[in-house]
Amino acid sequence: MSTVSAPSSAEVQTVVAARRLRDVRTVFIGVGRPSTAAILARMVHNPELVLVYESGTIGAKPFHIPLSIGDGELAQTADAVVSVPEMFNYWISPGRIDVAFLGAAQVDRFANLNSTVIGDYEHPRTRLPGAGGAPEIAASCGEVVVVAPHSKRTFVAKLDFLTTVGHGDGPGARELLGFRGRGPTAVITDLGVLEPDPETCELRLTTVHEGVEPDQVREATGWELALAPEIAITPPPSDDELAALRELVSR
Amino acid sequence: MAEIVSLGEGVAELVRDGNSVALEGFTHLIPFAAGHELLRQGRSELELIRMTPDLLYDQLIGMGVARRLVFSYGGNPGVGSLHRFRDAIEHGWPRAIELDEHSHAGMANRYAAGAADMPFAVMRGYRGTDLAAHAHLAPITCPFTGETLVAVPALRPDVAIVHAQEADRQGNVQLWGIPGVQKEAILASQRSLVTVERIVKELEPRPGGIVIPHWVIDAVAEAPGGSLPSYSLGITERDNEFYRFWDEVSRDRQAFTAWMQEHVLGEVAAR
Amino acid sequence: MAEIVSLGEGVAELVRDGNSVALEGFTHLIPFAAGHELLRQGRSELELIRMTPDLLYDQLIGMGVARRLVFSYGGNPGVGSLHRFRDAIEHGWPRAIELDEHSHAGMANRYAAGAADMPFAVMRGYRGTDLAAHAHLAPITCPFTGETLVAVPALRPDVAIVHAQEADRQGNVQLWGIPGVQKEAILASQRSLVTVERIVKELEPRPGGIVIPHWVIDAVAEAPGGSLPSYSLGITERDNEFYRFWDEVSRDRQAFTAWMQEHVLGEVAAR
Amino acid sequence: MSTVSAPSSAEVQTVVAARRLRDVRTVFIGVGRPSTAAILARMVHNPELVLVYESGTIGAKPFHIPLSIGDGELAQTADAVVSVPEMFNYWISPGRIDVAFLGAAQVDRFANLNSTVIGDYEHPRTRLPGAGGAPEIAASCGEVVVVAPHSKRTFVAKLDFLTTVGHGDGPGARELLGFRGRGPTAVITDLGVLEPDPETCELRLTTVHEGVEPDQVREATGWELALAPEIAITPPPSDDELAALRELVSR
């Protein structure tokens, strides 16, 4: 009998992302929800999980959720701290990291990502931060998990700018580009989970969070979202997961 | 042969109008005090180079001193947009700026090539992206395997400015914590200025300490708290509240300008 | 996922006949104990890779286990010749060995390219020398400036073996002092074995300390004194007398063989 | 009035090499006599001299003469210790070091050096250690000072193997190869000092040590050694120099 209040959709999203790290050795994370999910995974599922931030901290064990990827606690608790050139050349590019968590402002049906501009590059309607480490991270890490809020603004039929290649234009695209990793294996949103169809590489809805209807997800998606033959329902956050997450956020 | 100078002297001697200037520090050790001194001394038409523009470059861009920006990620980390950076690119306010945009891996390799005084670096990257059409790149073929890789041109700034925890009286500099690309920025640049939290008699070797010898640095200036609202590990703490506060004050052109006038040009430290 | 093993187990599991093996350590931290274990386990037909062959490779070459040597400086530092190395090259005793000879800069860049999993590295070097005709090189042109530089192929050994001061029980390794190319050797290799002076509960961060995380290492074996007559800074001292003594004992084939039988194959530590 | 016994020719050679470092900021040194000379220079002429060893130690302040370039004392007393790739890529190749001291088994009239083989490369009469860092050091450092014993075995008309380019085949050779530094500016031997003729780049005898006749030097040289218009005589080691050197060697 739960004494914990019902989880928010953001909490569910974070818990689902954390579960994805159960059997993973190393995870590369940016700031925000991915970082929270990875710390939660260390607390609940996988205490040996190695957190790698692009600031150069390898094996960071933050007690608090860092605001930036370079907070002091990350360096102080890391197994090793390396320079940015070393991080990219010796650690990311050779494919040493199992899973990368990435966010994006736009995601297309092949899980390609835009974090550069909305509108035209030369005369953008909205200038976004830019690539950061994402293009090479997505090309090199074992797999990519995208974490994004579900709306038509984010899940678009056509990206305004292709910052980071997911599955390109479909089957064989990554191989043709000489990429190392498997690319995006899941897009975790506040409504459910999209995963690439093994044949077409196109994202399809495989899981909805509790209380979410598949049609609701399709309406929040800017293209005709395919559905998996069977759509699972996310097992709701356990009391342990939720308590740990809330305790973490409150630190 | 690092000279120990005041911050004002260091900036006056080393940075000229129109220079390309790299103020580096990856989240950690961002040289805010030196950047503010650039503003107070009225430097203009700068090419600003930095992997992660952050608040400091938002301020410099908003004050109109940048003609060009070389970068790979222009956000307020963990908070959101850099509003002055956006306003300059979206609306040309207070002026339009030219962009030389890369990925982090590209920028890091460009600095490393500069530090090695090589004309370019080879990497795997950019492939399949729209960034490849905007960044200055060239394909390059491995003479042994035939694989096609990407060449990026070396960065060779006129001046590097970085912040570190301490220097000794000869100007040997030690920093610890996240090292970013500071060493590469200094070695890649024609001239360099290092601001430090403190000048000590002798550097005490530290875990994670990186020492940059005095003879590759032009000037060292003491600037306690000089990386705030960023931080200097072990000495100051990152002012996360200021990063959130900046999201508000920087949204509005007038509020921004007033804040800069009062807190930076009025020579009061940023805080 | 470093497994904590005995030295015998580590060598047995990771090194196979015919492998290319890099036992690295630039003067400091040379993995003598592991090299001797290779001999005791009778490994043969190895491609031995090492910037500075030193006494350990003199011993391995003299015992005939090397079919090929990849190197850049084969001397007894500060003393003179490596007599077994010379005898193998000059007289084919106990067997002829193939050479892949480079400069230090070339070898260092080859390891760095291997660690980055790039097929080659670009450098300035070898130009005008006779070495250029013997080393495996290719010209490469900068796509931006037109300058011709040199490409060297990446080193990708089957196995790297290095020595370090300490590891924790998970197999995270820390070394300090002269770091050489140890990190690069581990990252460039398919498999890796690290011998350490001691296994500790927790690594205590040290000035100059380089930590190599357990998940890029295959096996860690405790081998106290395992770098002697080289040294492990802060724990053992370089046995300079042994380096001088080796100059005598290694001059003569029989004296050498007898010494190896007694001190290495007889399983007594090399001093 | 000196109470110190007369210097040996090796001592004179070391003292002369040390003097060369009077106004130098940074010196790159291998083991043996160059190392002794550089430490002596720090003791007597230039306490601020920065010693750089290819083992990665920058600003080492050894109290004893190291046997190897990687002795523990070098790391313990250095301002900074870097990896070998960093040493070559960030410090040597960009030309940050003013003077490099190099030795060699053979030196030719253009101060090109052989430290690879005597005889044929494939079937050498004597296999030497090999290049080490010398080719790139000689190409990149501000200038090169060669320290070698004077004999016909060492100073040869033709190198058996060109390991390290000095002045190549004469004027313009270094520029053509794109080299950064000025190349060899002196060869210091136990008999005197050879310096390149500014016009032809060919080594000529410019200085003899006290008690040495120019003809003696020519006889110990494997080619027709040119003489400078005026040949200086090495000012003998001062009592201070000699006392410091002997004290250093005895440590």
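Lettered A, B, C and D in written order, each chain numbered from 1.
Heads up, the rule we're going with is that contacts are C-beta pairs under 8 Å (C-beta built on N, C-alpha and C of every residue); 3 or more make two chains touch, one makes a residue touch a chain.
Nothing here was measured: the structure is a model prediction, and the numbers come from that model.
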Centroid spacing, where centroids are CA-atom means, of chain A and chain D in whole angstrom: 58
Chain centre separation (chain B, chain C; CA means) in Å: 39
Touching two or more other chains - residues of chain A: 89, 93
Where chain B touches two or more other chains, by residue: 118, 123-124, 147, 183-184, 208
Arrangement of touching chains [line / ring / star / complete / other]: other
Chain pairs that touch, as defined at the top of this document: A-B, A-C, B-C, B-D, C-D
Interface residues, chain C side, partner chain B - complex: 118-124, 138-140, 142-145, 147, 149, 151, 153, 205-209
Chain B-touching residues of chain D, taken from the complex the two chains share: 25-26, 50, 58-59, 79-80, 89-90, 93-96
Complex contact set, residues of chain C against chain A: 1, 115-118, 172, 183-184, 187, 203, 210-213, 215-216
Residues of chain A touching chain B in the complex: 31-32, 54-57, 66-72, 74-76, 81-85, 87-89, 92-93, 116, 121, 124-136, 139-140, 161-165, 168, 173, 177-179
Interface residues, chain B side, partner chain A - complex: 26-28, 51-52, 71-75, 77-79, 81-82, 85-86, 89-90, 101-105, 108-109, 111-112, 123-131, 134, 147-148, 177-181, 183-184, 208, 231, 233, 237-238, 240, 243
